[in-house]
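Dropping the structure in here first, questions after.
Each chain gets a letter, A, B, C, D, E and F, in the order it is written, and its residues are counted from 1.
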Amino acid sequence: MKDIDVLIEALPYIKKFHDKKILIKYGGHAMVDDEAKSSTARDTVLLKYVGMKPLIVHGGGPEISRSMDKLGKEPKFIKGLRVTDEETMEIIEMVLVGKISTEIVSELIKHDGEAISLSGKDSSLIFAHKKGASKIDEEIVDLGLVGEVDCVNTDLLEMFIENDYIPVISPVGIDEDGNSLNLNADTAAGEVASAIDAEKLIILTDVPGVLRDPNDPDSLIQKIRISEVPKLIEDGVISGGMIPKIETCVKAIENGVKSCHIIDGRKKHSLLLEIFTTDGIGTMIFE
Amino acid sequence: MKDIDVLIEALPYIKKFHDKKILIKYGGHAMVDDEAKSSTARDTVLLKYVGMKPLIVHGGGPEISRSMDKLGKEPKFIKGLRVTDEETMEIIEMVLVGKISTEIVSELIKHDGEAISLSGKDSSLIFAHKKGASKIDEEIVDLGLVGEVDCVNTDLLEMFIENDYIPVISPVGIDEDGNSLNLNADTAAGEVASAIDAEKLIILTDVPGVLRDPNDPDSLIQKIRISEVPKLIEDGVISGGMIPKIETCVKAIENGVKSCHIIDGRKKHSLLLEIFTTDGIGTMIFE
Amino acid sequence: MKDIDVLIEALPYIKKFHDKKILIKYGGHAMVDDEAKSSTARDTVLLKYVGMKPLIVHGGGPEISRSMDKLGKEPKFIKGLRVTDEETMEIIEMVLVGKISTEIVSELIKHDGEAISLSGKDSSLIFAHKKGASKIDEEIVDLGLVGEVDCVNTDLLEMFIENDYIPVISPVGIDEDGNSLNLNADTAAGEVASAIDAEKLIILTDVPGVLRDPNDPDSLIQKIRISEVPKLIEDGVISGGMIPKIETCVKAIENGVKSCHIIDGRKKHSLLLEIFTTDGIGTMIFE
Amino acid sequence: MKDIDVLIEALPYIKKFHDKKILIKYGGHAMVDDEAKSSTARDTVLLKYVGMKPLIVHGGGPEISRSMDKLGKEPKFIKGLRVTDEETMEIIEMVLVGKISTEIVSELIKHDGEAISLSGKDSSLIFAHKKGASKIDEEIVDLGLVGEVDCVNTDLLEMFIENDYIPVISPVGIDEDGNSLNLNADTAAGEVASAIDAEKLIILTDVPGVLRDPNDPDSLIQKIRISEVPKLIEDGVISGGMIPKIETCVKAIENGVKSCHIIDGRKKHSLLLEIFTTDGIGTMIFE
Amino acid sequence: MKDIDVLIEALPYIKKFHDKKILIKYGGHAMVDDEAKSSTARDTVLLKYVGMKPLIVHGGGPEISRSMDKLGKEPKFIKGLRVTDEETMEIIEMVLVGKISTEIVSELIKHDGEAISLSGKDSSLIFAHKKGASKIDEEIVDLGLVGEVDCVNTDLLEMFIENDYIPVISPVGIDEDGNSLNLNADTAAGEVASAIDAEKLIILTDVPGVLRDPNDPDSLIQKIRISEVPKLIEDGVISGGMIPKIETCVKAIENGVKSCHIIDGRKKHSLLLEIFTTDGIGTMIFE
Amino acid sequence: MKDIDVLIEALPYIKKFHDKKILIKYGGHAMVDDEAKSSTARDTVLLKYVGMKPLIVHGGGPEISRSMDKLGKEPKFIKGLRVTDEETMEIIEMVLVGKISTEIVSELIKHDGEAISLSGKDSSLIFAHKKGASKIDEEIVDLGLVGEVDCVNTDLLEMFIENDYIPVISPVGIDEDGNSLNLNADTAAGEVASAIDAEKLIILTDVPGVLRDPNDPDSLIQKIRISEVPKLIEDGVISGGMIPKIETCVKAIENGVKSCHIIDGRKKHSLLLEIFTTDGIGTMIFE
């Protein structure tokens, strides 16, 4: 009988986030196995049913690498950075749009969530331009078909949200000539979250959040004000791949998103625990 | 961490009853103390926030008796049945509409539920006629201003429901001359549930449900098909004040309500436990 | 045959006030007998049918006093002002909401007006705060559960008006803790009129309007500009209970109400005569 | 002060005909002088403002004759019936559409009625076919461009009515080749009334109604059931030009119009007196 | 097979002007014969069907002169300018509204265009005032019932456009007393185009456009910036009747119309050629 | 100047098919080169802009074969029929959804058509079941993950159409367990056309239509009534791969599609020529 109290405890959060848009960045590294995928899908559908408006922007790095392997396509790197040539872009698009998105949609539908997969190309959902060559370590480097987001077609997303569909978005952009561009999934998620005035941006990844000591999961920092970020980077607490994630969060908050969350998407019900409990389970970034 | 599973366990019920109307008959005997009242209000608001459309029809017998006492108004009885004369009707209306309804609205508002109290007279919400004299034990008896429901103004209720208000309805009817009529609260609840195509009619009372042995709470009958009702009455399992309640349930189901529930409204979270768990905690009547 | 000219004479007023909101403050002292009540209701319904949007805020002083008498509740006074303790508030609410409002609704429905009674508590229609102790004649006095209006939930009222219902509002406020507060009915009427951008505020009371000589009904002042009010008060022409009424009018006009009218609600068709004739029958206050 | 009772007496009719469509056939013989035209326009606007939905179909015989005279166009007759050749049709259209309709619109606008003149040709409002030759007194006669109504474009009329415009319709039809056809104005009015489900068809003409003795205005028959019509024709009570008018009324009632009225449009406020008084001033035909 | 390329070539224009309002001034001198009228109507309907929103304001000078002749009405002139007395105004209105408008509507309907004829008087579509006496050649001259446009009732036009009707407007204005006023058709067209935010104003007349040498059709000036107009007038290139047309165009463009076109309406498909080809066939005025 | 007549000639077709849904089956064999793809996209966008509602269901056989080759995946055949195992299904989905659909969307967007790629899985757009083993040549054969369509989610498609998006649909079905199923593209197109009440189903393929003599393109049969189909199959005129295409057409027409067309999609503007010319360029099947 006590269990039902959890519902009552969740009520303040359900009220607070009622009708609010929650942008879930579903990272490729969080898609560890079928059970995790099913669990994330079920949690997302629950958010929908208790009155929120979830949207998903997914990644897919590991799966893309596997597919390139299979196709015998050698990845090219310049100064440690992957170069996206035309053939690579074609594979990326096939994997993101034709495989990962459709799989996520399948999982959501299994749990009775009306989901629709969208590429950033659909009706120019994510309009972008080629990043162009940039200087890295004193060298001019062109990473190929990599895009920077110019704008997001929110009309299209609003249509889906108003009609109770869950949009599942691949981080592929389209330029003014109709070409596909490879987008960083975190960045794309941040841009979409900002454009649609999301309440939250939740990044599901494969670490517990920002750790003071990377080897000690108990050193999790639960809350970071955006004003504290520069110092944390300087001190090396935020480092490596976490830096662009945090920067995406800072930018999203500056653009009006109320809070950003970095959580371990592999952990069961991490999404619900982050939203429906006071402390959450990961790191929250806020103003 | 396990606790969050309750949310997941509730999901199938949340889905199933999404956008469905739930008519809660809130009996006077279930309003035992402030904590119980607050708890029922909070549970009702939770139903609203997780996507259902709750409506309340309340009773108020004990409170009416208290008020008549205070006013020195002697209750009149014929053959053991209370007679509603004009003065009594005036007191009933003041208590139901001016006290109990407004209190329930206060409690719901405290929990962020947008609630509106309605008398059956408002815009002829519950149109009724005087019951007239009837034969009881070979004697012609006129119980006074007691009404039988003719029809329910569902347009008005739909307007409230569509605009996300929780209607709180007093069991007072209006006849074609604009007179007030005293209605049996269970019957009124059943008629409203039928008229608005409610998914469920939940009667909050002060017993655990239908008991095989009235002295043994463990003898609760969890499920009763309406076809089994006549036999259960014949056998005396359903008896006394439970008979009209069950008859209201049978009629409601025949009119399209999917299931009726008789539960102990004094018990904490009885509403949630009945809706969100497989077995519930009271008696369910269904087709 | 000549009679029909009255319709033609009313046409300019019907045009002028088409689709305009008319707030009728229906004072307790204007509810003298059944015939007067029926006549006021019929006039209100006529306003509705010829295209205006009437709303009623009612008082109920005399009825409240009668009920307190019956219940043996001694009224408490400090410095001649009534004190509203919890028990008194409960009685006030029962009488205003459970008796007077429902009676007015009955009368309107008898004349085919779709009316709905509302307490200021319904969906926080009239949000207020406790007035607090104030200094009267050098003494600190706390009049108890007396409220000052903070804001009016116009969404709710607009919903009723758009759907062609006539709202009948009891002057009871709700504070942030869900408590009931006693409101001055004139003040409440003025606040509602301002909030909904009423064209007119018409105060039905038991005097013919503002009289130069209180003993001479022929000394009625037909029109008062709000700029003339201070002088009239100074000269003692506006005095006693008329002062707060006029102050309500002045404030309403400053908030955008086009004109306020103080008329004798006991007089047959006073409402129609005030609206549909050039001179009216009472006192009009305007900018 | 007594006068205001007329408003109250009108209330039951205002209620009864609220939101109902009233088709006014405004005959050419009722347009006697400027004052009569102004009065009819004002009455029509009053109907609109008190909640009805008036439409006008007008005639124009006398004006057409005057214009043909001026243009030196000799009217042609066969067996006493006017023949509509192409040149005549052109004049008819210019007079009905370009003169009478625009004048009626001017009058309505002067009284603040939003009116729009429509020809039966506008968006094929009145689709018709040429009547063809018919046998009259054993002789085959072709009256030329005279039309019989096939159907009425109610979508167009509903658009005007919903947007609160008063349609003013000239009795000109259009055939499938886009040609104009001369329509009998009474018949056209009856067809439009039937098509739009009018509550009433009111024919404004230059006689008081159906008289038992044509020389005695006091012999007016106030009410005629459609079942009584054949006998009245047989007895010669209904005769001459009154026969087709009554036949139009009978057909309209058979098609669902609730009542038809033949009244003297030259009489001041005849429209209002017919609608707002118990006996009316002309003859009512009903089922 | 090559022909179909024309459709493809038209596509950029179809896209560019999709959902845009195109105001066609259909001059009386362009209505040369039945074939030309039919062709203009068909072209207009085609614009509608490929997604534009055409409106027509027509003239009718030659037809008015013919009708005045027939009626033996002597035209009056002061200093070479026609004077509009009451009788003349009546004839003008009959011809414009009752003849030319209804004919254009007939032609449009024949080609399946849902058209509605409107006078500037309908629901005060074109509100105007009498121009008053003005000084011409040192003499005070009053040209009679000639109007200057004050405002255009765009609500009415938007209603037609939204419901897919083609409005056909006669250049007749209405003043505050309900009187008809004669309007210059070019000016009226310009005012309507400005009021409804038309994309284009296309003036169909009987010359090829602005010619450098009036005797040489090959000297057509295809494009004129409004800044070039004063010089062209000074140089005498724009002269006579072309001056007010060009001034109308300049004013329309200053009020937001994107481009104005003066083309030879007698030429087959001139409307389509002007809109769907790069160079057009007449003169375009733009900013 | 003559060219513009093509627009006028197209007008009857533009009118006839205004607001009508046109389902284009875009076969893989019709996607021969970039120019053909661009041309088909431009023609489709033109249909949209001139008022029709095009939808695309595409195939992709040749591209799927190429991708399987690249991935070193050996196609499996039983009795000459391709077997779809899980790995094959994954490749099919990646190619159809992630490559062909996104390419078509790119082309449409380049020509300003707002297009959205949809898999049959999106919001269960095409609900299907596994075909199961069937007897072929006396042998039980299971072709694997091949689906038969159960129903089409027309709500989703209507949402896109109403909001002016062009849906581009991959022939992938979803079963009740969320699995992907390979669908025959012709069949899927026929089912979608029937479900949305398409006016036309146009199959773009790589033959000119049905030929009496397969070696003689001049032997094209322009029109076939569905009643003639059995005889044509019996006579061997319809044979091989054309049989299932024609059967799809017959079924679609029986389900309400007005006409089906088999045309050579490789031919420039074949879509426009088929729709906008009297004879078309392929074979039309109709009732």
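Basically, contacts are C-beta pairs under 8 Å (C-beta built on N, C-alpha and C of every residue); 3 or more make two chains touch, one makes a residue touch a chain.
Not measured: the values here are computed from a predicted model.
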Which neighbours do subunit C and subunit E have in common? D
Just to be sure I understand the contacts, which chains border both subunit F and subunit A? none
Taking contacts as defined above, which has more of them, D-E or A-B? D-E
Round to the nearest whole Å and give the separation of the Cα centres of subunit B and subunit C. 35
Could you please state the distance in Å, as a whole number, between where the Cα atoms of subunit D are centred and where those of subunit F are centred? 57
What's the distance between the Cα centroids of subunit A and subunit D, rounded to whole Å? 70
Touching two or more other chains in subunit B are residues none
Quick check of your reading of the touch definition: is the inter-chain graph here a line, ring, star, complete or other? ring
Contact footprint of subunit F on subunit E as seen in their complex: 1, 3-8, 10-11, 14-15, 18, 42-43, 45-46, 49-51, 112, 269, 272-273, 276-277
Please name which positions on subunit D make contact with subunit E in the complex. 70-71, 90, 93-99, 101-102, 105-107, 109-110, 114-119, 121-124, 156, 159, 163, 165, 172, 174, 177-180
